[in-house]
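In what comes next, chain A is part of two complexes: it sits with chain B in the first one and with chain C in the second one.
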Partner chain A sequence: MMRLYVEGVGLLGPGLDGWTAGRAVLSGAAVYSAAPTNLRASELLPAAERRRAGVPIKLALAVGQEAILQAGRDKQTVATVFTSSGGDNDNVHAINSILVTAPREVSPTRFHNSVHNAAAGYWCIAAGTHEPSTSLCAHDASFAAGLLESAAQVTVDDAVVALIAYDHPHPEPMHKARPITAVLGMGLILAARKNERSLAMLEVDFVSGTTPETVMQDVALEALRAGVPAARGLPLLAALASGQSAQLCIAYFAGHHLNIRVTPC
Partner chain B sequence: MQPLVISHTTIANSLGLGSAATLASLHTRRSGLVPCAFEDVDLETYIAKVDGLDDHRVRADLSAFDCRNNRLAQLCLEQDGFVDAITAAKDHYADDRIGVFLGSSTSAILQAELAYRRLDPQTGVLPPDFHYAETLNTYSLAGFVSRYLGLHGPSFVVSSACSSSAKVFANAARMMAAGVCDAAVVGGVDSLCLSTLYGFNSLGLMSRFPCRPYDAERDGISIGEGAGFVLLERATAANTPGAMLLLGVGESSDAYHMSTPHPEGLGARLAMQRALASAGLQACDINYINLHGTATKSNDASEGRAVADVFGASVPCSSTKGWTGHLLGAAGVTEAIISMLAVEHGFVPGSLNTQRVDPAMTIDYRIENSAGSISRVLSNSFGFGGSNCSLVLGRQA
Partner chain C sequence: MAASLAEKELAQLIVTSLNLEVSADEIEPDAPLYGEGLGLDSIDILELSLAVSKTYGLQLKSDDEDNSKIFSSLRSLNQHIQTHRAK
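Moving on to the complex of A and B:
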């Protein structure tokens, strides 16, 4: 069992415009009303990088910054774990389309932004951080993989970790093969010890065997959770929003899951 | 960190299938680089290609995973008695206590590149034989390898460009220290595709010649494909004496530019210093450095400066990319295994294609191979996005 503390939360999704607004919806205090995700360029980036930033970079920077501000942490001292099923789906589509035509003129920016760790690279530039950063993928279990890795970094390396999960829809024709239904990112600042900013204690276990995973009570939020790999973390955010103790289950692969006990601080 | 035992390894690349083929090519200084003949690519460059992948097929029960990247993974897993080693490990540990942490930069993007040529002319839909989750998704590799080996522990893919399959050693070490698993298969696979060939070409980072690491006239990379896997286990009194060990890992971020390394090698220096600290070793404890050494102007200048800062000119160094080409997401594990071959067989690999070492380098860069007793090596892997990782491998001091 790995024990860690949540110090900050970031959220940006359809009708979930930041943690303050999102918390009210996720706790049931406000009604969920879907609206396009309010994407914006991050003022953290230098102008040249800001122009080159696609959806994943905007998502990652927005939720990372929101979470880190709430935690009151210095961006330079926080390690990062990025996780996404798809990475930059727009870019991959554009490159695949260009490669079908002649001449095959892939733009240098498109190419270096097509790496799965593009959001991580831009974050590190924006934050000026030399701390370790990793970029993971585990298909539908990408959020669970990110949380598992973050928990290991916190407990083994005593790192303060920003977990940043994001996904966005593929353009066609890939969308039919891999439907991701919305643009959504979430961030969590995780640390080994309780402090005055701590929101809750998490106890995380990787467990074999099948257990029904925790779902969202609201039908539209449940559709969001099921439709976006990064949104598999919504039940955890809902538990944090409620301020109540909770026992959650987030699916991994092959019948495995993460058991997460949430205890408010 | 607590050292981990590297109990088995396997490798496959343009030098051949299995460790013996790579070792023989290192000794005879035979490069795997050949003029580019891949699909209908019309670039004047050299590549390092694995023979036989076009005709190879993944195991029938996993046919949905069939693609160049997973074929290469399977070819590699079939070498060096690796499957037998995993079978034995499954007898020793429960199969859900062995993790699978793999690196890949492009996974099976080739599958999508080819599928985009076969869109339905009426509907624009991808062909029915295109399997997204099993091939294109970045996780595809770990999904395939877990199933192929019958492992049910935690798994994910690290995709941090060219540092990917070095960083997985750190993930596995943490997961084992945290008690999430008892052993782990780590490694990486990257295979040739049009995206990387045309992409690196657009950045002006690809040489027209076989790459010349650390040469004064170096002018870019040669892209290759390859795979490597290792089995990591906890060190015990029984398995540690004489064993090959993962002694330390250091990770860092440049925070400088997406595709250009920090000019003073800041991130590279931090990764090497953290790897030494993690191993509890000093610079003088290292007997050989396998450099990232891509043969671009900027990488080698930046890395050379960082190595000089940390090690001075006292440690023999080389890049082995003149043999293998740049294996991108598979570079980390491939060069870790080459480093372990150097320890096991007592030699310092030199550098192929390098004619005259850049006089600006103030490190002990070796062109010729030499014999020598090597106990501990450091291996560097750096990637786009300023993602850096250094490994310390070898015998116990």
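Moving on to the complex of A and C:
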């Protein structure tokens, strides 16, 4: 079992415009109303990077910055774990579209953005940080993999880690093969020790065997959780929003899952 | 000297292909494109070379000894394009 503390939360999704607004929805204090995800490029990026930032960069930086601000941490001193099922799906589509036409001249900017750790690169520029950064993908288990990696870094390295999960839809025709239904990102600042900013203690267990996943009670929020890999963390955010103790299950691969006990601080 | 029609068209291509936050009218014909001035970097120059190739049928090579002169300003880039364009 790994024990860690949540110090800050970031959230940006359809009708979930930041943690303050999202917390009210996730705790049941406000009614969920879907609306386009309110994307904006980070003001911390220099002009050249800002105009090259696609959807995932905007998402990742927005939720990371929001979570770090709440935690009161210095951006330069926080390690990062980025996790996303597809990375920049718009960019993949644009490159694929060029590769099927002669003379197959791929835009240098598209190429520059095509690596899965592009978000990490933009983050390091925006935050001015040289802290360790990990970028993961694990299909529908991307959030669980990110949480597991973050918990391991917090536990083993005593690191303060920003876990940043983000996903957005593929354009057609890939959407038919791999439907991701919305643009959503979330961030969590995780640390080994409790402090005055700690919101909750998480006790994370990696467990073999299948058990039912924790689902969202609201039908629309459950559709979001099930439709976006990064949104698999919504039950955890709902527990943090409620301020109540909770026992959660988030699926991992091949019959494994994470058991997470949430205890408010 | 004010921008010519061809320079204005090239300025628009630069703004569009690089998603610049300035308008084409704001690009001074004789101001530097790279670094100080318009603030373009090496990826922008590569991107711009691709856009010029597609639009004017003119290949700009990365190992051309005259690149710093060609890309020194909107005016010099336009002069090079107008001299060598294939379409």
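Going forward, the second predicted complex is superposed on the first by the 265 of 265 C-alpha atoms of A that agree within 3 Å, B and C clash if a C-alpha of one lies under 4 Å from a C-alpha of the other, contacts with A are read in each partner's own complex, and residues count from 1 in each chain.
Just so we're on the same page, a contact is a pair of C-beta atoms (placed from the backbone, for glycine too) under 8 Å apart; a residue touches a chain by one contact, two chains touch by 3 or more.
Given the structure is predicted, the values throughout are model-derived calculations rather than measurements.
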| item | value |
| --- | --- |
| Touched partner set for A:H256, first chain B, second chain C, both or neither | first |
| Touching partner for A:A138 - first (chain B), second (chain C), both, neither | first |
| Partner chain(s) touched by A:G87 [first = chain B, second = chain C, both, neither] | first |
| Touched partner set for A:S107, first chain B, second chain C, both or neither | both |
| Chain B versus chain C as contact partner of A:R51, first or second or both or neither | second |
| More chain A residues in contact [chain B versus chain C] | B |
| First (chain B), second (chain C), both or neither touched by A:V31 | neither |
| Overlap of chain C and chain B interfaces on chain A (superposed complexes) | 105, 107-108, 112 |
| Interface residues, chain C side, partner chain A - complex | 18-21, 39-41, 43-44, 46-47, 50, 53-54 |
| Parts of chain B lying in touch with chain A, wherever the complex brings them together | 96, 105, 109, 112-113, 116-117, 119, 124-126, 130, 132-133, 136-139, 142-143, 146, 152, 154-161, 167, 170-171, 174-175, 177-178, 180, 194-195, 198-204, 251-259, 266-267, 270, 383-387 |
| Chain B-facing residues of chain A, complex | 2, 49, 85-87, 92, 95-97, 99-100, 104-108, 110-118, 120-122, 124-125, 127-139, 141-142, 145, 148-149, 151-153, 155-157, 172-174, 176-178, 206, 208, 252-254, 256 |
| Of chain A, residues touching chain C in the complex | 47-48, 50-52, 105, 107-109, 112 |
